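Have a look at the structure that comes next, please.
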Amino acid sequence: MKSKSMRLAMSGLALSCFTAFGAHAAEPKELFFYNWTDYYPVDLLAKFEKETGIKVTMDGYDSNETLLAKLQAGGAAYDVIVPSQSIMQTLIKQDLLMEIDAPSLSNFQYVKGPFRDPSFDPGRKFSAPYLWGTTGFSYDSARVPGGKLDDSWKEFFEPRKELQGQLAALDTSSSVINAASHYLNVDECSENPQDAKRILELLQKQKPFLKMYSSDNTVDRMASGEVIMMQNWNGSTARATLQKSTIKYVYPREGLAMFQDNFAVPKSAPHPGNAKIFIDWMMKPENAAAVSNAIAYANGVQSDSLLDPKWKVMDAINMPEEYASRLRPEKECSNKARELQDRIWSKLKG
Amino acid sequence: MISLHLKKLPATREISLLILAYLYLPIFVLIAYSFNANRSATVWTEFSFAWYGRILANPSIQTAALNSIIVATIATVCATAIALLAALATYRPFYGQKMVEGGINLPLILPEIVTAVATLLLFMALGIKLGLLTVIVAHIGFCIPFAYLPIRARLNDLDKSLLEAANDLYANPWQVFRRVTLPLLWPAVLSGAVLAFVVSLDDFIMTFFVAGPGSTTLPVYIFSAIKAGVTPEINAISTLMLVISIVLVVLAFWLSQRGKQQ
Amino acid sequence: MSVSSTSPALNRALLLSPVVLTLLALIAIPLGIMGYISLLPRNTYGGVDWQAQWQLQSYVQLFFQEGFDGELELNWVYAQALLRSVLQAGGTTVLCFLFGFPVALWMSSLTPRRRNLMVLLITIPFWTNLLIRNYAWLIILREHGWVAQSLNALLPSAGGITLLYNDFAVSVGLVYSFLPFMILPIYSTLEKLDWRLVEAAYDLGANRWHALRRIILPLSMPGVIAGALLVFVPSLGAFITPAILGGGKTLMIGNLIQQQFGTARNWPLGSSLSFLLLAILLVSLVLYALYSRRAAKTINRGATA
């Protein structure tokens, strides 16, 4: 087994060869960035262009599956993509990613411990950490009887009488089924049809109490008071709390999904050199902090000191330590499990 | 001439006015909220042009608008040319005419989700890289029927004796076309082109599936932006797009009316 | 009649070649590819296993699926989604007819100049972007909007009427999108109508209602049916409006197809669902073609009278 320094040296050599080749090939100074919509502050791209001279074009997608479909269809030539940890293995196994060897990049030193060697990408060969978040639920404490809800999924799946008809769920099958699985203490990637049956029954019982299923407009929906409680991401909740301070975020004790988003480079990227420059640049604490401050999600880089004070007071972003045990990183489910989930979802909406 | 009075049936006027109000209510709401100073689309604060300023300065919107215009222009020119040829070929009855016409109008009938996915699969199978070109090609497909219909209708209404006389006078069909048919058809051709342009400008589903990096158009941009929340910026973009579409449609309409008077 | 040396058929073929090529390239071939995919099994990671043997699994899945208790059961989900889409399309068509027919009638009773203005006015809303239209309705129908507020103020006993995220909102949205498609064909048929027949009816003592029911309506049937087709067919595949205005609580066939190419990563099933939808459309079109041929004969008989 090579020592770490040997590995670094080898990567450094490879990288320098690569950049030399890159310099010969003279990559045009542009970058195609394919990211989740509303998941990156546009002014930061301007800063990147000023510092490196590379012009970035950013397009948006709304789900990992859209990203996957576009990559599988082969045609779309993006340089940097932002897959969640739950499809990393699929991308790697299908040979869709370029090896970038993130530890060899100069700013990798700033990456936080837990993010340096994740199980979904050992050794960070293909990816670098971006943002991470959780999917719990948020509620408006001013409109809830007693002003506080128990931190349990029970409040969401079996709502109190006053809240019935005033809740919303995300319109993403994996998020809803995940939450239900955690509440029922069932494996989120269960291949057991009996588990699926229980989940379906729970969701069907909840459906009449929901105002809508929607993954759009999550910030305004809470802030405008259209619903009193909704399944929500922590970042959206934090931004909603800025508009209405009584909005609170819940980390349910039965467990809540945690997603980790990463930078990666598709194999067919037209500007891989620029892609690595961008990814390296994003691991600088000040840039990572700029994103977190704008979109209200925590990042995987040591930038806590640069976090804006208005976010520091919210436990939506600044997760209290005692909740760490409640996090359940999203897993990648097998085809069989996904088929079950698809059937649950179709029957639920059917 | 039948007196118009005969055609008047009770309550039709009242119902029609109500329906007109129903058709225009969202348009007014859209325009009104684009001037709302408050960020939230749900609360009205005060009158402001701020959002228009912001969208005009936003580089993503500028790129998207530019893409929309480029795609629409090229797709329109190609679609109208193809449609014109097709209309010239089909206005006289022939064996299989109904089938050919049905085929030309097929994109109008097929659900767009199906054609969008199928087109993506086509590009995938051929190994074609997604980009502005694939969007343009896809748009040509569904723009053809929109350009075809007005031209075809006008050909139907044309005084056939004019064309026959022209055929006798001129030596070859090309001259007939250039000197007689085309000038007569021109208003309809323009009308069809404008319709195709508007349809291409507004298209969302097809573009969403076949767009590549940097080829986002305005409707796709709006779709992404809406995911983040409906802001007055979206209202402002929508209002601008609406105004442009209306101007173009009125133009198309006026042209086709002028044509009819000739 | 033609003085050119080439035959008219050849000319026609040449003129038609661009459009035929485009049709082939953008519709026939893609649909063919989709058909091919529908016969392949899905890949472990989503997408399609190109190497594998052909199979009818995706079509079987349309109708039969393993239930949660293990037995092979009739798959109601897709049938329900299909049924719901058909009902939605049918309902939209009926509503469009009920609202559109009076408008077309009124339009045909106007002066020519005003008539043209109305045609323009009816068409303009159609040129707005689909998403934008739906979001405008979202603003209008929301709970704290003035429509809902005034309605609830007028009818307090109804106990809080909600106008959004239900079938009512979806109908409002769909009818809004497709009304022009119903009005214009009916209007053009009414324009060509021989109103002397109506005049004769009045002379014979019929009142307006009778004239409408017995003469105008039957004679305008071709326009009505054409309009019905133009509304029914696209609204069958409509899924964005139900998703936005319906609160995402129901699945239409369009949603299902999109889902298979998205979260479910089951391209063969998405393809077979698309063909199922196309099959229904084909049936409607064939029925329409049969009807219009029969109707044309009847109209010809009537017009010459």
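Letters are used for the chains, namely A, B and C, taken in the order the chains are written, and counting of residues starts over at 1 for each.
Just so it is clear, a contact is a pair of C-beta atoms (placed from the backbone, for glycine too) under 8 Å apart; a residue touches a chain by one contact, two chains touch by 3 or more.
Since the structure is predicted, the reported quantities are computational estimates derived from the model, not experimental observations.
With chains reduced to the mean position of their C-alpha atoms, the one farthest from chain C is A. By number of C-beta pairs in contact, the leading pair of chains is B-C.
Between the CA-based centres of chain B and chain C the separation comes to 18 Å, rounded to the whole angstrom.
Averaging Cα coordinates per chain places chain A and chain C 38 Å apart. For the pair chain A and chain B, the distance between mean C-alpha positions equals 38 Å. Counting only residues that touch two or more partner chains, chain C has 142, 144, 261. In chain A, the residues that touch at least two other chains are 72, 226. Contacts with at least two other chains are made by residues 41-42, 121, 226, 230 of chain B. Residue ranges on chain B touching chain A, taken from their complex, read 40-43, 58-60, 63, 120-121, 123-124, 127-131, 134, 211-214, 216, 224-230. Of all residues in chain A, those touching chain C in their complex are 63, 65-66, 68-69, 72, 90, 93-94, 171-174, 193-194, 196-197, 200, 207, 210-214, 225-226, 335, 338-339, 342-343, 345-347, 349-350. Interface residues of chain A facing chain B in the complex, by the touch rule stated above, are 32, 34, 37-38, 42, 57-60, 62, 70, 72-79, 215-220, 223-224, 226. Touching chain B in their complex are the following residues of chain C: 1-4, 8-9, 11-13, 15-16, 18-20, 22-23, 25-27, 29-31, 33-34, 37, 99-100, 102-103, 105-111, 116, 119-125, 127-133, 135-140, 142, 144, 176, 179, 195-196, 198-199, 202, 208, 212, 233-234, 236-237, 239-240, 254, 257-258, 261, 270, 274, 277-278, 281, 285, 289. Here chain B touches chain C in the complex through residues 2, 4, 6-13, 15-16, 19-20, 22-27, 29-30, 33, 41-42, 81-83, 85-86, 88-90, 92, 94, 98, 100, 102-104, 106-107, 109-115, 117-119, 121-122, 125, 137-138, 140-141, 144, 164, 167-168, 171-173, 198, 202, 204-205, 219, 222-223, 226, 230, 234, 238, 241-242, 245-246, 249-250, 253, 257, going by the rule given at the top.
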